[in-house]
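In the two assemblies presented below, chain A is common to both, partnered first by chain B and then by chain C.
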Partner chain A sequence: MGNEIFVKPASTTSAAAGASIRISRLEKRFGPVFAVDGVNLDIAAGEFIALLGPSGSGKTTILMSVAGFEFPTSGTIQVDSEDLTYVPSNRRNLGMVFQNYTLFPHMTILDNVAFPLKMRGLPKAERHARAEAALATVRLGGYGSRRPNELSGGQQQRVALARAIVYQPRVLLMDEPLSALDKNLREDMQLEIKRLHAELGITVIFVTHDQSEALTMADRIAVLKDGKIQQIGPARELYERPANLFTAGFVGEMNFVDVTVESVGDLVSVRLPWGETWQLPPTAAVDAATVGEAAVMAVRPERLRLGTGAAGQVVKVTLSDIVYAGAAMLLIGRLPDGTELRARIPGASQLDALAPGDVATFTVPGEAILLYRGTRR
Partner chain B sequence: MKPPTDRGSLVLGAYVYAVLAFIIVPLVIVIPMSFSQNDYLAFPPTGFTLKWYAEYFDSRQWRAATWLSVQVAFLTAICASLIGTAATYAMVRGRSRLVTMFQILLIGPIIVPHIALAVGLYLFFQTIGLSGTVAGFVLAHTVLTLPFVVFTMAAALGKVDANLEAAAMSCGATRFQAFRFVTLPLVLPSLASGALFAFIISFDEPVVSFFLSGIRQKTLPRRMFEDIEQNLTPVIPAIATLLIVLSIAILLGGHALRSRSKTQSSAG
Partner chain C sequence: MTKAVRSRFWHSDGRRLSGLSTLLLLLPFFAVIAFVFIYPIAQLLVISFIEPHPTLDNYARVIDNPVHARVLMRTLWTAALVTALSVVLGFPVAYYMSRARGALAAFVAVCVILPLWSSVLVRTAAWSFLFQRNGLINSALMALGLTSEPFKLLYTQSAVVIAMTHVLLPFMILPIYGALRSIPNDYARAAAVLGASRLRTFLEVILPLSLPGVVSGSLLVFLTALGFFITPALLGSPQEMMISTLVSKQIREVLDWPFAAALVGVLTAFVTLLAIVFSKTLRFDRLMGGAS
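After this line comes the complex of A and B, so read on.
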C-alpha cells in the first residue's frame, strides 16, 4: 500500500475541488432485513448533502458503505467515476468524522492530525507542518502539544475535523458529528463546518437525525425511511412542499387533518371531519386527488393567522395551552373534531387576552395547505 | 455520647483479618526457616546462616532446573501473550457465532483439573516425542496460562472503542496498522501484565511439569518436589523465599502497569 494513496501537494490557499459521487441501486441486507433498499443518489462535486432520517432508516449504512466499513449486498458506489464499491476503507482517500470524536487518546493533538499523513509515508517535518496548518484551519492553532482529554468536546470534534481534511481528501463523510455536543456549541460547529465546506470546496455527506441541522447546513437533503429515499431536494423545497406524508411529518412541525375529497375541478373541495367543506387551490394537491378518497390536509403551525383578517379558510380552535417560546407564541388547541392543532404566532401583544379554554379563530391561507393521499389514523 | 458499636462490622473486620493472617502466616514461617542452622526443617529456627542459599546457588542441579524454568516461563509468556492477544481480539471484535464456543475453549484450562490435562499431555507428548523438551513445557504451559492473558486482554480491549480503529482506517491505515498504532499502544500495559502473569504461573507450575519432566530436564518446582521427597533440607524454604520475593516483585510490577493503563484509558 502507501504509494497508491494519493496526496495532493500542500496548499492552504487554493481550494481543493470536491469529487462527484454516484450511488446506484445500493442495497444492504442484514439477514431478511433491508437496511438500504435500492438507493440512487447523485452528488455533484463540492455539494453538501445531508442524509436525514430516524434511526434505522439506513442513513448510517449508506455512509458506511461510502466509507468502506460496510460492503453493500448489491449496487455500486462511484467517486469521480471510479468504482469504490468494494475497495477497502483505507484505500478510499475519503475524510471521515465520527460521532464520538474518536481521537487517539495516547497521541498528542498534532500526532492525531498528522496520523493520516504518517500512513501516507510523509516525512515527519512535512506532516507536522501540514498538521499545524490543518489545526489553524479549524482555529485550533497552538493546541498541537495537548492531549485529547485536555480539550472540550467541541474542540475534540474540531481536531477530528482537522484530521479528516489534513490530506485534502475530495470527500468528507460525517456521521452525526455534532450529536454529542450541547446546543450552543452545536450551532457554532454547524457554521464552522459550513465555512470549511465553502473554503475547501470539498464534497460533504453529512448524516443526521436532526432535521433543523440538515435544513441549516445542506445544499440538498435526502430524507430516508426504511432504507429508501423519501425525498431529495434543497431545504426550502423539502420544507415548503414535502413530497409525501412521511417527509411532511418528519421535517419541521406540521398539523394534519384527515379529510375526504369531494370533488376535483378548478378547485379541490374536501370535507373536514366536523362537516365543513373547504375549497382548496389545485396546487395544494401534492398527490393527485381522487374523488371519494381519504386524504390528509397538512399545514405548518407558523402559517396560521390569528383572527379573520387575512384571506383563507377560517377555523375555530379550543385552546388548551399557550406557551411563550421566545420569538413566537405556541398555541396548542383542539379542532371541533378533537384533532390537535398547533399554531406559532409572532408578536405577543395581541395574544394577551387569550387564556386556555378560550375559543380562538384562525385563518388558514389557501396556499399554506398541502393535500396528500392517505390517512394519519 | 458514643455512636453505637456495629457488631456486624466488628465481626466482619475480625473475619477479614483472620483470612489475611491465614494467607500470610505460612509465608512468615517459611522465611525464617530458610535462615535456620538445623539441616532439617524446624520452626522456630535456630541460629542464622545463609548456607542454604549458598547450597542452592552452588548446586549445578538447582541451577539447571532454575534455568530451564526461566526459559520455559519466558517463552510461555511470549507465546501466551501473542496467542492470547490475537484470540481475545477475535473474541472482542468478532461477529462470529462461534465466539462463545471459542471463549469456553480458551478459558477451559482453568476449569479442567490440571492433573487431567497433565495425564493427557503426558500420553500425547510421549507419542510425539515432546516429553521433557523445552518445546513441550512451553506448549503445555501456554495452554495453562492462556486464560489469564485472555482475561486481562478482554477487559483492556473491551475498553478500546472499535470506532478508533475505524477512524484509523479512514485515515489510510490498514487493519493491522490500525491495531499496531492505535489499539496496541492502548492495551500495552495490560498485555505486559498478562505476560507477567503467564511468566509467574509457568515458573511455579508443578502438576503438568511433574508429568512432562524427563530425567535430565526438570523444572524448578519438579526438582523441589524431588528434594522434598529425598532430603527435605532448608534449601526448600530458601528457594521458596526467593520465589516469594520474585512473585511479589512481579505482582507489584503488574499492578503498576495496570494502574497506568487505567489512567491512560480514562484519558480517552
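After this line comes the complex of A and C, so read on.
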C-alpha cells in the first residue's frame, strides 16, 4: 500500500513536517450524555496542543475520535484537509502514546518498535535498522534485545514514544502519557517530548488533566469542561487572563471574592462583602460589567504583596496558616467576611514575625484583579 | 539467608504467616492428597514392578502385544483429536465471551458453565440417545433425504470423540477466556493505531498473548481425555478400546492387577513427561511478563 512517507530518509533531523488538523462541530453522545458537545478546533501544522480538563470533560473522547477508536455522533475530523472521521485507526497513519505504555509484552523492545514498520510491509533488515535509529533518538540505543518488563516505567514510555514516531507519522497523539510516572521522571519526559517535537516538527495533541504539564509543554491549550471548549490559547494568555470562571479556577491557583457592581465608567466600582467599595481599572472586567449585578473578583495568590508599599487596594487578612513551601511562603487567612484568601510570598525572612492569628495587611495591585460575571456561591 | 522461615503467605492484617502456620494450613490438603492419591498410585506402581516377582515383564507386555500398543496409541490419538477440536471450537467462544457485554454474553457464559454442573454420565447418556440407529440425528438425516439408511453412529470412535469434546469443552474455554480477559484493551488499540488490521492485530498480539490460556486448556483437556472412562465405555466400540477401559477390564474381568498397574504406570509416565516438557519449553512467566 504505497505510502510515500517511506521514501523519506530514516533520519529524524530532516523534520518531516506535521499535518494540520481541523475538528469541526464534533459531537459524541453516549445515550443522553454529551461526552463531546460541538467542539471546533483548528490545529496548525507542527503545533503542540494540549487538551486540558477534569475527568469527564471530553478531552479523551476527542483524542479517541482523532485516533479512530470512537466514531463521533456528528461532526468531522480532517487531517491535512483529508476527512478521516470514519477511517479505521490502522489506515490513519497517526502516532499514539498511551498512558500505560502498551508495549507488547511478548515481543522484544526492537520488535515492539519495528511493529508498525512490519505492518507496513518493510523488509526485516530495514525495519530493524530504523527501529534501532528510533531507539537511539529516545536515548535507548542498545536496549533492543530486552523485554518490556525488564525496563523501568520511564524507559518503557520512551520505547512507546520511539514506536509511535518510527514510521514518521505527521501527527502524534498522547493520552496522559506521563501520569503513570513519578514527578522527577515526568519532568525529564516533558523535556524529552518537547525536544522530539522540536526535532521532528510533528503535530502533537496531548491530553492531560495536569495543568502545570499543559502550561509547560503546549503551544496552545484547550481547556475543556462538560464536552465544551472553555478557552483556547497560549499558556500565558490562559494563565494571565482566563476567559471565564471555570478556567480561572481550573488553571493555577486563584482567590475569588463575590462582589456587586456599583457603577461602570472610567473605573469599575464594586462593593465588597464587608462593605468597602473598590475602584478597578476597566481592563479588569473580563466579562462586560453591568451595574447592580453580581460579579466575582479573582486574584492569583502570587500577585498579592505583603504590607502597604505598593500601589493598589489594601485588605486586612486574619492569618490561619503559614506554610513553608520552598520557593515561596504560603499564607492562608480569612478576609473580613470570612472568605478564604491565599497568598504566595517569595522570600521567607520578612515573614518570621508573622504567626497564625495575626492580622496581616496585603496590597492587591489593580492590574492583578480580574472581574467575571456570576457568583461563586 | 535469615534463619527465620519466612513464607510467601500473608495474614489478612498484612503480616506474613510464619513457616509453621503455613504448613499447618496446607497440611489437611496434603494429607488427603497423600492418602487418596499418592499412596494408591505408588502402591499400584510398586505392584507393576514386583508382581508376580520383581520384573519388568508387565511393561514388556504393554509394548510387545500389538493389541495393547494399539490401545495406547488410540488413546493418545483420541486425546489429541479431542484437544484439537476443543481449541478450534472453544477459542471463538472464549473470544466472544471476553469481548461481549450484556444479556447475550451472560447467556453464553451460562451455556459454557452449566454443563459442568451436570454429571458426565448424564451428558454421555444424552449423546447415546442422539446417536441411536433411530435417534434424533439419524431421523433428521433421513427426513432431509440425505441418507436412506441410518448411519452407525453409536459405538464408534467418532461418537467417543464428539461426546468427549462436548464434555471437555468448558475446560478449554475457561482458561482461554481468562487469558483473553487479562489482555488490556489498549493493546488492540495500540496495534490498530500502529497500522495493524483486525486480522493482524489478532495474529500478532491477541493470539500470542492468549497462548498461555490455550496451553493450559489443552493440557487440562488432553490429560483428562487420556484417562476418560465413562464416555468411551458407553459410546465406544469394544473393538476400539481406550486405555481406561482396558485397565478396568484387566482389574475387574481378568483380575490381572500387575498388568493393569503397568498400564497405569505407562500412562502416568507419559503424563509426567508431558507436564515437564511443557513447563520447560513454554516459559509462561516470561511470555506474560510485563503485562501491566
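A few points about this structure:
Basically, the second predicted complex is superposed on the first by the 368 of 377 C-alpha atoms of A that agree within 3 Å, B and C clash if a C-alpha of one lies under 4 Å from a C-alpha of the other, contacts with A are read in each partner's own complex, and residues count from 1 in each chain.
We adopt the following convention: a residue touches a chain if its C-beta (ideal position, glycine included) is under 8 Å from a C-beta of that chain, and two chains touch if they have at least 3 such contacts.
This structure is a prediction, so every number in the text was calculated from the model and none was measured.
Steric overlap between chain B and chain C is present once the structures are superposed on chain A. In the superposition on chain A, A:Phe115 makes contact with both chain B and chain C. In the superposition on chain A, contact of A:Pro105 is made with both chain B and chain C. By the touch criterion stated above, A:Phe48 is placed in contact with neither chain B nor chain C. In the superposition on chain A, A:Phe250 makes contact with neither chain B nor chain C.
Once chain A of one complex is fitted onto chain A of the other, the partner contacts of A:Tyr239 are absent, as it touches neither chain B nor chain C. Judged by the document's definition of touching, chain A residues 67-69, 88-90, 93-96, 98, 100, 102, 104-106, 115-116, 118-120, 147-149, 163-164, 167, 173 lie at the interface with chain B and also at the interface with chain C.
In the complex of the two chains, the chain A residues touching chain B come out as 1, 5, 67-69, 88-91, 93-96, 98-100, 102, 104-106, 115-116, 118-120, 147-149, 160, 163-164, 167, 173. Chain B meets chain A in the complex at residues 161, 163-164, 166-175, 177-178, 181-182, 185-186, 264-268.
Residues of chain A that touch chain C in their complex: 67-69, 88-90, 92-96, 98, 100-106, 115-116, 118-120, 147-150, 163-164, 167, 173. Here chain C touches chain A in the complex through residues 184, 186-187, 189-197, 200-201, 204-205, 208-209, 286-292, going by the rule given at the top.
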